[in-house]
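Below, chain A partners chain B and then partners chain C, in two separate complexes.
Now for the complex of A and B:
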């Protein structure tokens, strides 16, 4: 019993912290104090994370399970949320109401993601994902007086309800086939029989659809631009990294447990989906004149590269997760710098002349965009390189070629933003002030993007241990 | 000096960091700092040339460290006869272009920071011995060049910058595919150019051909080889003078350097198989470039197309696949950098005064600007290949080399040479002779302008009279290269 409690202690800490912040918010604490409390809870949660040992453990009779992958992903979500909290502190909000509730939802979402990635049972997985979804719908519609934000919340809800419904249906089919929802048991049964009944394939497709919705894989990406567009900037930034990473992590949890995977249709189908995702994402971003929508579609394109890593199976697993870790920093950085440079106007023209109006902010934005585009020596290049390498090693030359072609298209729109910042004449030359918290976030992300680009060895070593 | 190559590569980057902390309004200090760093780089390269043992054709001053061991990427640098001359060329032109940047009046700080990053990229490209490292430096050049053309360029700068960027980017990403593919095809898996040169020869010619194609496309766009040359005139016309110097003097050489450094040692079978098509492309470049140049009325565009023509000689030399040809090709790269660099500087001199580059606007400059007339004539003669000046040696060796392999190609190339002669003589006649037109009364070249041009004039003359001054550094390396075939 103690073991079980210890296992979920980080989530308990987050939930307790969230409740405390909620109460503080009611008594009118300032945003910076609430943000500070949120950071404190996240740090405390990090320190009570149970062991990083490789030995698998389970809690609550198999409902939750711990392994190196789960451990790493829990840290991953903590870090992503720290970045999101910093952005929420540094961002210039239109009004300062409800800050307590905002951080409450953010921390609860993190706890849900950490539970989801530790799930050893499909029911537990479904419940965590559903809870995350409900919190996300609220966050997307957080600006109550803004009709676009409300619309974003509603849209997210409609799409989300459908996709989690599909996933639930898939899970019931799995239960009907195996009589259990425990992932380890299901995989053991699969390894024995090796028979793929049509029902099982249907179930797999339905579960995949539910997770692909979170990861914004084409054709489940329709919601992305509208939801990001309407949601407040920090929320959009958070959505673009954390729940998306959760989608990929759960894909690995559910589908990579069985060694029969590589002999099934997985590589071919996911490779095609990866190509569709990156191509449609990049082509849609191509002629956006709204920076938020441009970044939203770019995040769809980036999801395609990560999926391309997963398509090559175990070869690309390390590449995909390396990409995901780098992606958190570069994408969060890009969203954050866009948000900090122009909090209210989102059209490209608002960024004209930023090179003079906010030299440091523009420089950070440039670094993140170039890293997203995959320019060496920034970390985004190495991430893309690893994905291409895995594809070539697995003899998926067409997949590698698709990644390369997409990089060319993607370069165009990333560079377009940079061009506008540095080469276009601004309407006014008023300086743009960026808050200290904002700079802190940008500096951390930029250090990560440069640092992991030049010295990726430690990170690759860790990944090698996790996916050994 | 164990880390001299790293010092040479990263000194400009250090300069960029130093420049970043200088306040933007202190322009004089910024200019001085940039010049000082480039002078230091030139000094280091000078020391490198002195310390370089030219009896040894192998890699010298090599540095080799494991970098991203899990993936097989190493940080390995080295200099040999193929790269030494180009490193010197880069450092020299970088320094001179930096001095010639006083017409850059807007966003001075940004200009020099970007310029320094560009220097790091170019020097690194010539010194890297690991394919991924090479690729990284190769790509590093792109963004600075995009900014240099796009921010400080002429009226159509944005179009030119985009065009330059996308041509090169498309090529280099295909090269990236080639790099990854060659890694997995070669046994043992490696990104090291030295290791690969020993192992890729056993690959079948078809595989070699495919890999060669991936690399060649990237190089062909950079050189540029017909029909990928259309970015060049636009980029040149819009780029400010010092950037044009770097573009023609150094950037084009990155492509031809890639042919000698990567394509020849790694894919000898493919090269032998494709030598004739390469030679034909060379002739097309030579003749087509010269003919199109002849039709231009903008002097800068004319010289840009004459560069296309000169790159034809370099291609011919490579297509010869023998030591004479390779020597000629490499020497022509160096000479073209010096001569065309000087030509762009000279075009810049009149453009600053006349604010036009239309050849019709000039005439009779010889009587108004005698010093200018001397330098322009001198460089034009060098460019068209007058014996006694450096251009002749490289062109002659390239043609002589290719004559052994493909006589008909050499003859066609020699005919192209005539077009080049006519082109430059007509240019001299139109610009310098005759009576001065209306409003043609500008001051002659000042002391600083002469000082910037003078080193290039001296080198042109020295190499012309004593070609061994450059050839001695490269010929032992070329002998090794030829043995691989």
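Now for the complex of A and C:
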């Protein structure tokens, strides 16, 4: 019993912190203080994370399980939320009320993601994913007097409810086929019986649809641009990294735990979906004149690169998760710098002449865009290189070629934004002020993007241990 | 005793009815009702499978209870969003939500 409680202590800390922040918000605490409390809860949750040892443990009779992968992903979500909280503190909101509720939902979402990634049972997985979804709908529609934000929230709800409904039906079919919801038991049975029963394939497709929705994999990506476009900037930035990473982590949990699936058609199908995702994402981003939508489609393209890693075996897994860690910093950085430079107007014209109006902000934005494009020596280049290398070594030459081609397409639209910031004359030359928290976030992300680009070895070593 | 196949057929039918509703209905409230029908299909599956596997544990039944609870929470949030949009737009039809391009 004590062991069980210790296992979920980080989530308990986050939930308690969230409730405390909610109460503080009711009593009218300022945004910076609430944000500081959120950062404190996240830090405390990090320090009570149970064991990083490689030995697998389980809690609540197999409902939750701990292994090196789960441990790493829990830290990952804590870091991603720290970045999102910093952006929420530094961003210029239209109105300052409801800050308590905002940080409450952000922390609860983090706790749900940490539970989801540690779940060893499909019931636990469904419950935590659905909980995260409910919180996300509220966050997307958070500006309740804003016509765009509410529309984004409703659209996210309509798509999200459908996808979790599909996933739930898939899970019930799995229950009917195996008589258990425990992932380890299911994989053991699968290894004996193979994966060719039509019902099982239907169930796998339904569960995949639910998770692919979170990871924004084509054809489940239609919501991305609309929801990111309407949601407040910090929420869009959070959605573009954390729930997306959760989608990939759960795909690995559910589909990679099983060697039987790995020997079926899974790698080939994944590779095809990866190519579709990156191509459609990048081509849609190409002609966008709204920076938020451009970044949204760029994040779909990036999801394609990560999925390409998942298709190509163990080396590919390491590459995919290296990519995901780098992606958090560069994508969060790109969303954050775009948000801080122009909080209200999102069209490309608003960014004209940012090179003079906010030299530092524009420089950071350029760095993140170049990293997303994959320019050496930034970390984005190394991440892409690893994915391509894994594809080549797994003899998926067409996949490697698709990644290279897509990087070239993507380069043009990233460059378009940079060109507008530095070459075009601004309508006004008024300086853009960026807050201290904003600069802190940009500096941390930039340091990570440059640091991991130059010294990737420690991170790669850790990933090699996790996916051994 | 009614054989398992009947339950599974019923649940598949409910799921398909719900899915059909989701794909064809343009009214956000009807969309919500269709989702609930899909979830109820899943619930029938869970309870029927649980009974079929014997009463040694109640995993399926407990899961069904959880699903009912979660569905209630989700529809609360969904209705709140519908109301928030309705106050600004005076419409609950999905085709009218076109400020953000689909």
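We adopt the following convention: the second predicted complex is superposed on the first by the 467 of 468 C-alpha atoms of A that agree within 3 Å, B and C clash if a C-alpha of one lies under 4 Å from a C-alpha of the other, contacts with A are read in each partner's own complex, and residues count from 1 in each chain.
Assume a residue touches a chain if its C-beta (ideal position, glycine included) is under 8 Å from a C-beta of that chain, and two chains touch if they have at least 3 such contacts.
Since the structure is predicted, the reported quantities are computational estimates derived from the model, not experimental observations.
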| task | Could you say whether A:189 touches chain B, chain C, both of them, or neither, answering first, second, both or neither? | result | neither
| message | Let me test your reading of the model: by the given contact rule, A:460 touches which partner, first (chain B), second (chain C), both or neither? | response | first
| said: Which partner chains sit in contact with A:226 here, chain B, chain C, both or neither? Use first/second/both/neither. | reply: second
| task | Going by the touch definition up top, name the partner, chain B or chain C, that contacts more of chain A. | result | C
| message | Which partner chains sit in contact with A:175 here, chain B, chain C, both or neither? Use first/second/both/neither. | response | second
| Now for A:415: first (chain B), second (chain C), both, or neither, which partner does it touch? | first
| message | Identify the residues of chain A that lie in both the chain B contact region and the chain C contact region. | response | none
| task | Quick one: which bits of chain A touch chain B in the complex? Just the residue numbers, please. | result | 355, 370, 375-377, 381-382, 385-386, 388-389, 392-393, 397, 400-401, 404-405, 407-408, 411-412, 415, 419, 422-423, 456-457, 460-461, 464
| Considering the complex alone, what residue numbers of chain A touch chain C? | 123, 126-127, 130-131, 133-134, 137-138, 141, 144-145, 147-148, 150-155, 157-158, 161-162, 164-166, 168-169, 171-173, 175-176, 179-181, 222, 225-226, 229-230
| query | Can you list the chain C residues touching chain A in their complex? | reply | 8, 11, 15, 18, 22, 28, 31-32, 35, 38-39, 41-42, 45-46, 49, 52-53, 59-60, 62-63, 66-67, 70, 73-74, 77-78, 80-82, 84-85, 88-89, 94, 97, 99-102
| field | Interfacial residue positions of chain B with respect to chain A in the complex | value | 67-71, 110, 132, 135-136, 139-140, 142-143, 146-147, 150-151, 158, 165-166, 169-170, 173-174, 176-177, 180-181, 183-184
